[in-house]
Every structure is written in structure tokens, then in C-alpha cells.
Amino acid sequence: MYRKANIRMKANRIIYCIRQGVQSIRRNGLFSLASVVTIAACVFLFGIFFSIVLNLQYMVKQAESTVGISVFFDDNLTEDEIMGLGETIQRHDSVAQIVYVSPEEAWERYKERYFADYPELAEGFENDNPLADSASYEVFVTEVEQQDAVAQWLQSLPGIRRVKYSELAAGGLEKANQLISLVSAGLILILLVVAVFLISNTISLAYAVRREEIEIMKWLGATNAFVRAPFVVEGLMIGLVGAAIPLLAVFFLYQTVVRFVMDRFGILLSVLKFLPAEQVMALLIPVGLLLGAGIGFMGSFFTIRKQLKV
Amino acid sequence: MIIFENVSKTYEKGTRAIKNMNLKIRPGEFVFVCGRSGSGKSTFLKLLLKEVEPTSGRILVDDQDLGKMKRRGKAVPLYRRKLGVVFQDFRLLKDRNVYENVALAQRVVAAPAKDIRKEVTSILTTVGLSSKYKSYPANLSGGEQQRVAIARALVNKPEILLADEPTGNLDPSNSQEIMNLLEKVNEMGTTVIVVTHNAELVNRMKKRVITMRRGVVAGDVQEGEYQDESE
Amino acid sequence: MIIFENVSKTYEKGTRAIKNMNLKIRPGEFVFVCGRSGSGKSTFLKLLLKEVEPTSGRILVDDQDLGKMKRRGKAVPLYRRKLGVVFQDFRLLKDRNVYENVALAQRVVAAPAKDIRKEVTSILTTVGLSSKYKSYPANLSGGEQQRVAIARALVNKPEILLADEPTGNLDPSNSQEIMNLLEKVNEMGTTVIVVTHNAELVNRMKKRVITMRRGVVAGDVQEGEYQDESE
Amino acid sequence: MYRKANIRMKANRIIYCIRQGVQSIRRNGLFSLASVVTIAACVFLFGIFFSIVLNLQYMVKQAESTVGISVFFDDNLTEDEIMGLGETIQRHDSVAQIVYVSPEEAWERYKERYFADYPELAEGFENDNPLADSASYEVFVTEVEQQDAVAQWLQSLPGIRRVKYSELAAGGLEKANQLISLVSAGLILILLVVAVFLISNTISLAYAVRREEIEIMKWLGATNAFVRAPFVVEGLMIGLVGAAIPLLAVFFLYQTVVRFVMDRFGILLSVLKFLPAEQVMALLIPVGLLLGAGIGFMGSFFTIRKQLKV
């Protein structure tokens, strides 16, 4: 019996807090709106920025996967030995895929790539494939960072004459990847710091106005918890609403922009591979809501604590 | 039992509002505190409410030493719930209507929801504001605001009632009614301390009168009269 | 000359604060306005200040029709500079000290800088606050705040003085001093309108007394007395 | 005489306004701080973003300038005729620079570029330059957009056998340039809208608190101009201070980041050409200060106007 009454009291208490929170939002229309707008603005910028960064990283990843290592064999290798080598390479952890390039294919590719401008040069070689001995594997690694290690490992295998890969391209992509990650992290950090600044700012303003209200409650004998609870509930709700609105906006904006860029800038499509909106949002929505709720909760909790020393 | 032992209060800017106050008020007493503007009457009440701390001396209420009560925790809130206070400047919540302002005092002490409605309605009727219960403070006349403040102080049936100039904005007949109400509350056991400038009321009611002069207790008479000292 | 012609004021929520008021106050008169709490006295002053607009009727001050004055432009500010007002709730600027609060009234009318200091100091001495000129309103007693409000209303030597309960927070001797001051100001030509509940003062001063009852002028007597009607 | 007094009154008035503005900032510490922080945050984000965009555009410009058009001559052209052609080309408005490539240089470059991986292929051509007839001009245009037009014009000149340029590279760069401009404009617009939102938000909050003050002044007979002036001065000063701080921060941050990237990501230096900090700031400082002052001024002006209807 006693326990039941206690639970009912607790439930009553929680209901009271939530009702007070809602009423408080209504009563302090302007200040609640101000807090929602601030949180929304921050989450909005965060969302846009976050999508850009995700896509940049995705594009670099895409570019990485097109950089392969060419492996040329010793002249005296039999087809079986070449097959065996291929299996060995395939089994390596960091190797994603290998492709066999026959001498004929190699020469066709070569002509296409290098003689296109000087067709007269290629004529000298007709019917006499200068690359007859140049069968090769193209090896694609899982992570561009492994490029060097895999190349060295390939070099050390018996029966391999030459390993060729664009150190510059691989190194450049790896560095680009690092740079993007670093700059993104830096910018996101800056954005978060700015957001926290702005929000604690707005909340301080809103509470300075209600300082009198808090004082009066305390003079009436209210405990800190009693005063704090509605404020915190209010903060939480403001945070959630403030995050939900811009997330929705980012979703529609993202779709529109991607479609627009695909239409208008088709020529760049080989470099620009966008993530589908759903995939971006699947990550962004939980992060954004958590951010909003966290900011709203913490903002009101700490601000109210400062004010409660009456 | 309220005991002031050698209490002094000097504000930050150097104003000595209370000097060496010694005082005893027994439970159930009715006390008027009079004195010129700036003589320290409100400061005396603020000390009792623990709104300000004394610079020196000791204040005991029901054997509790206010100076030893910790700011953190529940001690101060629990102590304050014994008190009902009418502030000189009312201190109503601007964003709640009359009903909510009075009900707040009950909510704070976690009164059962079903009692709140009954008690608040009843006290508002007593002070003559039952028709204004939905109004916000900004839309009330001065005297109406003052009566809301009085209702809020009384709704919890406090052990001790502190009233700072509770009839400053009220006409004589309203003032008399409020005084009758305070007397009734007092008869039911509440210690009542009223700061007032209303000489006529003080003289008529024949209660204990404490007269302050520049922070000092200049007179303390049972069944006293308002002493006007044009210094 | 102040003329109210059939003036009524109903607030948004339906409260009829003033009903069909007809009134003439000649320049240089001294008028008390009395009546129970909520009878419409402050509303009467707010109408004169053009803080609220009448629902119907016409208010003329020195032949100017307040209803025809445009909100935009300089007409309203210029009219208000004729008035000095003591508000029932003081309305001091919280972020300026006593001196700045009083000086503001002079700054608003673009008084020459060198006069401001002299006049402000002089009026503060008159109301007995010369030692508190650097204090902020929050650090003053109730009566001290009220006297700052009175000083601010008087510093410009207004043509018409509106004072809402100017002694509600003052002890009898301070109240008497303020009344003497108002009388002196009146003798120098200012029309003085004082809303008050202080029956003793009203009875002693033998001035014109307008009694309000539920928004209606219930009495208007030269050399009148405070009429307490417990309805 | 009269005029002099009038001028002195005006001067007094201005001094009073400025003094009131300064005092008002001191009095309303929290609210002034809040406004400064908000403006600073917005200008800071704007500054960072602006620098990134400027650099991206600069990099694309740099990349563009490395894309040239190769012009090959008819076999029978004399050296004089070639020189004459060069002068004609040089005189074209959209041509930035032309470079003469002799057959020997062409072959050297060719070997370097295409035979590096298959040195055995080059041996067959020793002492017999296969590109003997392949003298050419490399033509650089001023704007990558002109690439097509210039190429067509070159094709139409007499004595020219073949005009060769990477349509894909040029087209891609042009599109990339457009895309960056478009996205930048979009993001800057969003940022500005968010900034205006945030600031009018903060200012509304700050003024709601001072609504009482404004009302009291009006009841004392103050004109709107009298009430407004100190607020506007205050807004202007807050705007300037709020802009100056983040501009300084951006300046130092920019230098640090550029130095850091140059140190750590040297490999990307061929693509990453940064603008010097001074050049970025020369543009950013006036824009930022104007933005801050404008926002501060307009924010306070319009907010106060709303409140002045007492």
C-alpha cells in the first residue's frame, strides 16, 4: 500500500513537471522561440556541413578504389604459375580484387591512352605487339593506406619482375583523405563550440528574465529540484523540437541539391558520387536529435544551477 | 519562538540597516513593527526569511539557528515553508494568473491536488478576489495585487506570518478587513508580525508594538501605540 | 483646464473601470481622488497620461483633445512633458542609480546640462535622499523608492502633477512632509491630483475630494472629507 | 550666433547619445555580451567559410591555368610563317600566353611521360626523332570558359594542321568552378539568413528585458528619437566589436592552418595553392566589419522600432 502511494506520488510529480514544462514554454513564448531558433540554426548548419563532409569522404573513397597496382611477371613464367601467383595475391588480407590483363589487352589500352594524339607513332608496331611479354595483374587494395605495404609484399613474391603503381596518386589520395578528415573534424569542433556558446548565451538570457520567478519560488520554500524540473523538461523539449525542424529541412535540401547538381553538372559525375539521402539521414538524424536534446538538457540544467544559489 | 541575539546587518555599500538587535517573540504573538522609512523594518523581515544573512549575531527560530542552516539541501526550503510572507513589493509571478500565483505556494509544499482547488478558492473569496482569479497581475489594481500577495501568504496556514506593509495600497475598510483576517489567523495559533505605517490601525488594535529608529529597537511596548517621532 | 466628457473605459477582459465620467479640474487646483481598491482611480490617471485610451468620451487638457493626438510624431511626448507622474508601483529604471533616475526626466526635456545637476541635487535634498543618490533602486527601502519617484515627478516643475498613492509606503511624518511639498508646488501654480487612501491626511488638508465608487464619481466636494463607504 | 548655439546643441546631443550607448552596454552587461557573442559567432563562421571558398576558387583558377591548347602546323610551314602565326595567336584577346615547343622538346617530353614504364619501347627510336615534324605552340587562355572558342578560332587559322586540347579537363574544370561558386553562394546565403535569424533573436530577447525601460522613458515624455539613439549607437558598437574579434581569430587560425597543411601535406602542394593570409583578410576584414556593423545597426534599429509603439 505504502509503496503504491509512493509510486502514484512519483507519477503525479512527473506529470506535474511535464505539464509545467509545457506551460512554461507557452508562457515564455518569446524565450522558448528564441532557444528553439538558436538550436535549430546550429543543428541546421551542423547538418549541412555534416552531409558535405560525408560526401567528400565518400568521393575520396570512390576515387581510391580506382587506383590499382600493376604486377608484371618474369619472362619465363608458365600460365599455371601465373594462376598460382594470382591465387596467392587474392588471399592477401588487404587485397580487394585482382584482374588479369593479357598482352593484347595491354597493347590495346596502351594505344588508346598514349597514341591517340600521334596515331602515326602506333603504325610502326602493327602486327608486332611490343608488349607481348607484358601480361599483368591489376591488384586493387581495400584501403589506399595499404597500397605501399601491398606493393612491397608483391615485389617480394618469387616470379615477379616489376610492380608498378602510382605512388603519387595513392599518396595524394591518402593525404587528401587525411586532410579532409582533419579539416572536417576541426570545422565540426568549431561549429559545436560556437553552437554551445550561442545556446548557453540564449538560455542565459532567457533565464536572466526568469531569475525573479526562480527567486520567488525559492522564497516560498521550493526545493531546488522543484524549481529545476520544469526548466529541464522545457530544455529537453526545446532541444528536440529545435533539432527536428532543421533535420527535416536538411533532408529536403539535400535531395534537391543532389538532384540539381546531377542534372546540371553531369560532366563531373565521374568524380561526384553522392551518397543517397537516406544513408546520410540514417546517420544524421540520431546524431542531430541527440545533439539537440543534449544541448537543451545541459543548457537548461547548468544555467538553472547557476541561478539556484538563492 | 523567535530570538534575535545581538543581530546586526550592514549592507555591502556600508548602510547599517540593523544595529545590535535583541528580541524575543513568543509563538502565537501578534506584533506590529513600526518606524520611519529606512529604519530597517524590511531588513528585519528579510533576516527572518533568510533572504539576507546577518553581519553578526544569531537568529533562532523554534530553536533552529538560521546561521547554521546550509544553503544547499532541503533545510532552508523546509524552514521557509513554516513562513507566510507578504512582500512590500508583492513579488507576484507576472506570467501566471491570480489562481496560479496562490496555488504555487501549495504546489511548493506538495499539497494534494484535490485540496489545492478548495483552499485557493476559499482564500481568494476571503480577500474579495474570487471574480478576478483568472486575471494576470499586470491587469490588477494596486490593492488587488496586494490582496493576492496576502492570499498567497495565508493559503498554507503558516506557523509564522510576515507581512510587510500589507495595507499600503488598500483603502481603510479593506485594510480593516485584512487586519481582522490577520487577527483571526493569529487566534488560530499563527505568530503574526506586521510592518506598517498605518498609525490608526495600530492604535486601534492594541497589540505589541516594536518601534525601530535607524536600525535600533527604540521601543517595545505591549498593547502599544504608534509612536511618531519627527526626530 | 482638465475636462472629462462622458468618459468610459472598459479593459479588454471586460472590466468596466470607468463609467461615464464627467469632470472639470481648473488650473491650479488641488484635488484628492479617493475610493475603494479597484474603483478606477489609477485608470483615471492612466487616461490623463494617455497610457490607455478611453473606450468612449472625450478628454480635454488645456483645450487639447487627447483622443485626437497622434501616437506617431511629437505631439504625445510634448504633452506628457507638461505632466509629472508618481506611479503607484514607482516604475524606476532598475539599471540606473537614484541620481540618474531623477536626471532622466530632465534629459528627456533636453534641459541644459549645467541646470540638471543643480535641480536634481536640490529636489533629492527636499525628499530627504541626498545621501542615497548613488544607490540603485533594488538597494533602497520601499519608502525611499517612493520618494525617488516623487522627486522625478517634481524635478521638471510640471504644469500638472499626477500622484498615485504617493504615501502608501511612507510613515506619517514623511507623508506629512510630502503633502506639504505638494501643497507648496500647488501654490506655485501646479495643478495637483493625488490618489490616496490616507483618510487622516485628506481630512486634515481640506481640499477638493473626488470619491470614486465602482468606476463612477460618487462624490465631488470642495473642502471635503474622506468618505469611507463599506458598501 | 544662433547657428553656433544650434551646432553646439547638436554636438551635445551626439555626445550624450554615444555616452548613453556606452553606459547602456555597461549596464546591460549580460545582454550586450550575448549580442556580441552571437554576432561574433556568425562572423566567425562566415569568415572561415569565406576563406575556404576563396581558396577553392583560387585553386580551380590555378588548375585552369595549367590546361593549355596544343597547336600543330602544316608540314610545309617555314619558320617565319610559324613566327607570324605565333604573333597572330598572341594578339587574341582571350590568350594569356603562348609557348613554342620544338620537335626535340616534344620528343623528350613524350619519352618522359609515356615510356617511363616501358623503357624498352623507347630504344627503337634512338637517333630518329619520330616527332620531327611535330613542332607546336602551347596556348594558354585567360579563362577556362574561352577554351572552346579559342580552339575553334585556332582551327580556322591557315597553316594549322591540328588543334588538340583536353575538352574533358577544360569542361570539368569549368563545371567545377561553376559548382563551387553556386554551392558557395548557396551556403553563404544560408549562413547569412541563419545569422540574421540568430541576431534578431538575441536582440529581441535583450530588448524584451528593456521594454519596461523604454516604456518609462516614453511616459516621461521622451521622443522616439531620444529613446532610439542610444540603442542604435549601442547596436553599432556591439556589431563592430562582435565582428572585429572573430576576424582576428580567423586571421590567426588561417595562418596556422595553412602552415600546418603545407608542412604535413606537402605531397598535395601541386593541387593545393593557398592564398596568402593578407590577401584573404584584405577582402574579409571590410566585408566582415560591414556585416557586423550593418547587422548591429539594423538589428537594434528595427527591434527598437517595434517596441516604440507605446
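Chains here go by letter, A, B, C and D, matching the order in which they are written, and residues are numbered from 1 within each.
Keep this in mind: a contact is a pair of C-beta atoms (placed from the backbone, for glycine too) under 8 Å apart; a residue touches a chain by one contact, two chains touch by 3 or more.
This structure is a prediction, so every number in the text was calculated from the model and none was measured.
Chains making contact with chain B as well as with chain D: A, C.
Any chain that touches chain C and also touches chain D would be listed here, but there is none. Distance between chain A and chain B, defined via averaged C-alpha coordinates, is recorded as 61 Å. Separation between the centroids of chain A and chain D, computed from CA atoms only, is 26 Å. As a whole-number value, the distance joining the C-alpha centres of chain A and chain C reads 67 Å. Within chain A, no positions touching two or more other chains are listed. For chain C, the set of residues that touch two or more other chains is empty.
If each chain is drawn as a node and touching chains are joined, the picture is one closed loop, every chain linked to exactly two others.
Touching chain pairs in this entry, ordered by label, are A-B, A-D, B-C, C-D.
Residues of chain B that touch chain A in their complex: 49, 51, 71, 74, 77-81, 83, 85, 91-93, 95-96, 104-105, 107-110, 113, 152.
Remark: chain D residues 30-31, 33-34, 37-38, 41, 44-45, 48, 110, 114, 117-118, 120-121, 124, 130-131, 134, 164, 168, 171-172, 175-176, 178-179, 183, 186-187, 190-191, 194, 197-198, 201-202, 204-206, 208-209, 257, 261, 265, 267-268, 271 touch chain A in the complex.
If you check the complex, the residues on chain B that touch chain C are 11, 13, 15, 34-38, 41-42, 88-89, 135, 139, 141-144, 146-147, 164-165, 168-175, 197, 199-200, 226, 228-230.
Within the complex formed with chain C, the residues of chain D that make contact are 12-13, 16, 27-28, 212-213, 216-223, 226, 309.
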